[in-house]
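There are two complexes below, and they share subunit A, which is joined by subunit B in the first and by subunit C in the second.
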Partner chain A sequence: MQDNKKTTPILKVKNVSKYFGGIHALDNISFELSTNKITALIGPNGSGKTTLFNVITGLYKATKGSIHFKKRDITKERIDKIAKMGIGRTFQNIKLFANSTVLENVMVGAYQLLDNETFIDVVFNTAEYRQLEKEILHKTEEILRFLDLYKKKETLVKSLSYGDRKRVEFARAIVGDSKLILLDEPVAGMVEEEKLFLLDKIKELSKKNVTILLIEHQIRFVSELASSIIVLDEGKKIAEGKPVEIQENPLVIEAYLGKGAR
Partner chain B sequence: MKIKLSFKTFNYIIIGLVLIIAPLLFINNYYIIYLLSMFLIYSILCLGLNLITGVAGQFCLGHAGFYGMGAYIAALIATRAVGIPYLLELLLSAIGAGLFAVVVAYSCIRVSGDYLAIITLASAEMFRLTCTNWESLTNGPMGIIGIPYPRILSVAINNNVKIYYLGLVYFFISLYLCNLILHSKYGRAFKAIREDEIVALSMGVPVFKYKVLVFFIGAFFAGIAGNYVAHLIMFISPDNFTTNTSIYLINSIILGGIGTISGSFIGAGLMLFLTEFLRFAPAAWRMVVMAIAIIVVMIKMPQGIAGSELDYKKWFNKIIK
Partner chain C sequence: MDNTSLSHFVQVTINGLSMGCVYALVAVGYGMVYGILNMINFAHGEIYMFGAYIAYSALVCKMGLFSSILLSLFFCGVLGVTVERLAYKPLREASRIAPALTAMAVALLIRSAVMIIWGSSPIMFPQVINNKPIILNNNIRFYPLQFSIIFVTIVIWVFSLWLFKYTKIGKAIRAVSQDRNTAWLMGIDADKIVSIVYLYGSILAAIAGFLIANYYILLFPLMGFLGTIRAWTAAVLGGIGKLSGAVIGGLLIGLVESFAMTYISTAYKDVIIFIVLIIILLVMPRGLLKGRGQKV
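Right after this comes the complex of A and B.
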């Protein structure tokens, strides 16, 4: 369990709403993420969790409200610029490049570390370019070792098991040194052993100056991992607090189990 | 000392040696040297097209337009602005073709797939029709004749063997550059765009900018090929740059291996061989044989000939053991 000391917020979401025509996918959501903490985002299907991820990462623009990352307003920023600022993510449905190797997939995630690699450097094959590429390869291999994927680095992603693919996607999200990582159901569909492995790795990562916001359905998994939980239901934030408080919150119980469950 | 040779390096060395030695064996055979020069042109064109379509996934049916732009710039400079150094003319051909591609890419940046194919096809046709109708500049359908052999500094490239070797230099440079680009952050970003634009954006890749960039690079190579063809055959006309040429190039990269460097020249070589082999066959039969070849490759080797590299690797490893 994480400690409860107050730390500086890395992400501030203020009164954010997202409407798709008449549908209010997100309605006036506000919260802050403390630096280097793990926060979980839970809620029934269709409650707006993935939409919130998409709004934070710039895939959708918020209809109302503002989002600040490291004190900078990112509400209207482009997706690629937000990623470059240091927000990495995974997707609910694994989005990997099936016909590329594990190494190639993960190296794409290091794109933002290669700002100094210009096209001219590539064409003239400069020493600086070669050094940068070497460093990126080294870093990628380090991440693959961290996630026990190194031996499979030359394997095509399409021939990997589901659990391995999930880990490759996780590797791709963290290789770029992002300061905030958004994980959309990182352990969904994994077997118990794989879940525990990834749980350990997420904890380890949060100790390395990385803030994590994750979507997960399994309250047991979330309680072990997160220092705080945000609960969404029908696009609204219905609760926020420590795992113990959330488990006993009548609104949360009602959202998950229906009226009369209290 | 035992030198460790990779399968890829071995292949490249063999191909390189064949291309260096081949014209010397046929030094008096103009036809063979011409064919080898055409092979180099199509290989460079396929390298560029493979970057755009194979690597970055942007379905381009207008490559002949970029090729034509390079050729016309070369022809106009060589015949009307005598005195401009050849290397500058070459650079202008490549950049001119690249800039034309940038305009095309900007105009179709928000579309993909079939729509992109149609717009790129239309842009090449617009270019061809402009060349046909702007007679005061391009001499219309009659084309531009009398394009001289190039002269690099004080060296005159004044026979078919010399011009072949000039093409070979362009081919090796293009191959080298494509290889560098493919293995850099740009190559990885292009592949990411092909696989999933949303993921590419989420990794920080500025997709819009990179789509334009890949068109520029691909057309830059086409511009070099265009410049070379103008000096090789000494005559160009709009008929050299029809939609058939674009489709011929697409067929070449499908046969050779889409998204692979070696697939570009394998496909170019195979298509050229098939075309020449069937030169005296009735036109209808030529099309039938071409179509059958493509269908067989697509069924047996969906990734193209170079895409099925793994099987050859096993064979190679067995031999060197």
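Right after this comes the complex of A and C.
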């Protein structure tokens, strides 16, 4: 954490705990994400990675601790407000609107950009509002081209392949110009070709002033992508550092392979 | 078919269609609420009844036709949103049965309140709309009110379709009804959208209440319950969660009711409606327009 002092952190998680009854899903987690970096969140199953995403995005409220995004306290903020402030996310088990088209799904993410429209604009479809909508449509189509989904824009999501759905979800997360993107296993279950394609896109995105935090299982895969790694185990942060350091960290190896694995 | 029985047939169809339109209006709101929260809103018909009573009082107090309608829409909208915020919202995460039971309680509450304010015996609705029938050849009577009912329903149907398909609110409603939490995480204020749906549903119910009160010229507290049953049947028949399904279901029920009353028996009309419902659900378990793949 100390070496990142030069850049200002976009996200600051401080002593966050989340208890479900007696279960400590997250236990006193602290870390900072520095702007425009890719950070990976790894850990065995049930270590609290997705819970952490849910706490950051407001779906769960932290039992203890605080979360600051762009220097604003978002610990108790409403879910939709947090999204509008610029945190986008995807889900481990894809959550798309299956009965809507690809275009509509992605546009949902883009509508965050429209914030100053009035009720009258929306209901009466004023010229000004139509202009805004046109811009959104344009932006959405641009993202769809970026992710090679343009040809499928009128397809219903429920008839897409798994890899396509993953990309649609990714598109929805990034279309709203979010400054922080949380990706929950973005390439899990994809075929090799699709994986490489998406990896490229993630790298490209991080060059465009976007901070990325992603959950992934395989350390090897994460190492080439992320500039730093945070490791969770049983709700606790057990390590944080550069990929090389993490790969050699005895605590991490133990968490993954069990005691005495070395 | 000879000439008199043909004109009789046309007459029954017109009557059925106009009744069906009222049911469709109630069913659309009911179906929207079901679609967005998966909740069986037993209080929906009560709002329709309440709207009719408010319009009655406004008209009795010599308010104009237009302002009475507006007043009734306003009160029903406020009632719908208040009920949602106070009674249903705290139960969002509860099992499906809890809000349904709460809705029953709300229905009883509204019905009792209406009985306290207006009394439990039926009252006559003041006849304000000129409803002199236009007699076509073949002795078919076409009431201007029936024409207004059908016209209003078509306008609302088209408007709702447009609203759902092309506006931001419509897209947000569709997103929230497919997955509330995800929509929320994408920056849609899900609570606000749910309230808007209740508001819209309540306003449609109020319009339907006003039309039915003018049509039957009679108000009674139990009409709300009957409205709920009709709306439920129509929405399920058409395919629950589908806008056009609710409209088609409503029209079908209106027609079946009208024909059953004329050609079979007035006493058995409800039985016949439910027999039709059972047969259709046996053949098409998700309703005519294939609504959600869920149990109803």
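Definition applied: the second predicted complex is superposed on the first by the 256 of 262 C-alpha atoms of A that agree within 3 Å, B and C clash if a C-alpha of one lies under 4 Å from a C-alpha of the other, contacts with A are read in each partner's own complex, and residues count from 1 in each chain.
Please note the rule applied: a residue touches a chain if its C-beta (ideal position, glycine included) is under 8 Å from a C-beta of that chain, and two chains touch if they have at least 3 such contacts.
Everything numeric in this text was worked out from a predicted model, so none of it was measured.
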| item | value |
| --- | --- |
| Fit or clash - subunit C, subunit B, common subunit A | clash |
| Partner chain in contact with A:Lys84 - subunit B first, subunit C second, else both or neither | both |
| Which of subunit B and subunit C A:Phe97 touches, first, second, both or neither | both |
| Subunit B versus subunit C as contact partner of A:Tyr111, first or second or both or neither | both |
| Candidates 25-33, 151-159 or 313-321 of subunit B: the single one with C-alpha clashes against subunit C | 25-33 |
| Intersection of subunit A interface sets (partners subunit B, subunit C) | 57, 59, 78-80, 83-84, 89, 91, 95, 97-100, 104, 107-109, 111-112, 114, 117, 122-123, 125, 133, 172, 176 |
| Interfacial residue positions of subunit A with respect to subunit C in the complex | 57-59, 78-80, 83-84, 89, 91, 95-100, 104, 107-109, 111-112, 114, 117, 122-123, 125, 133, 172, 176 |
| Contact footprint of subunit B on subunit A as seen in their complex | 57, 59, 78-81, 83-84, 88-89, 91, 95, 97-100, 104, 107-109, 111-112, 114, 117, 119, 122-123, 125, 129, 133, 136, 172, 176 |
| In the complex with subunit A, residue positions of subunit C that touch it | 166-169, 171-172, 174-175, 178-179, 181-190 |
| Footprint of subunit A on subunit B - complex, ascending | 177, 180-181, 183-186, 188-189, 191-192, 195-196, 198-207, 213 |
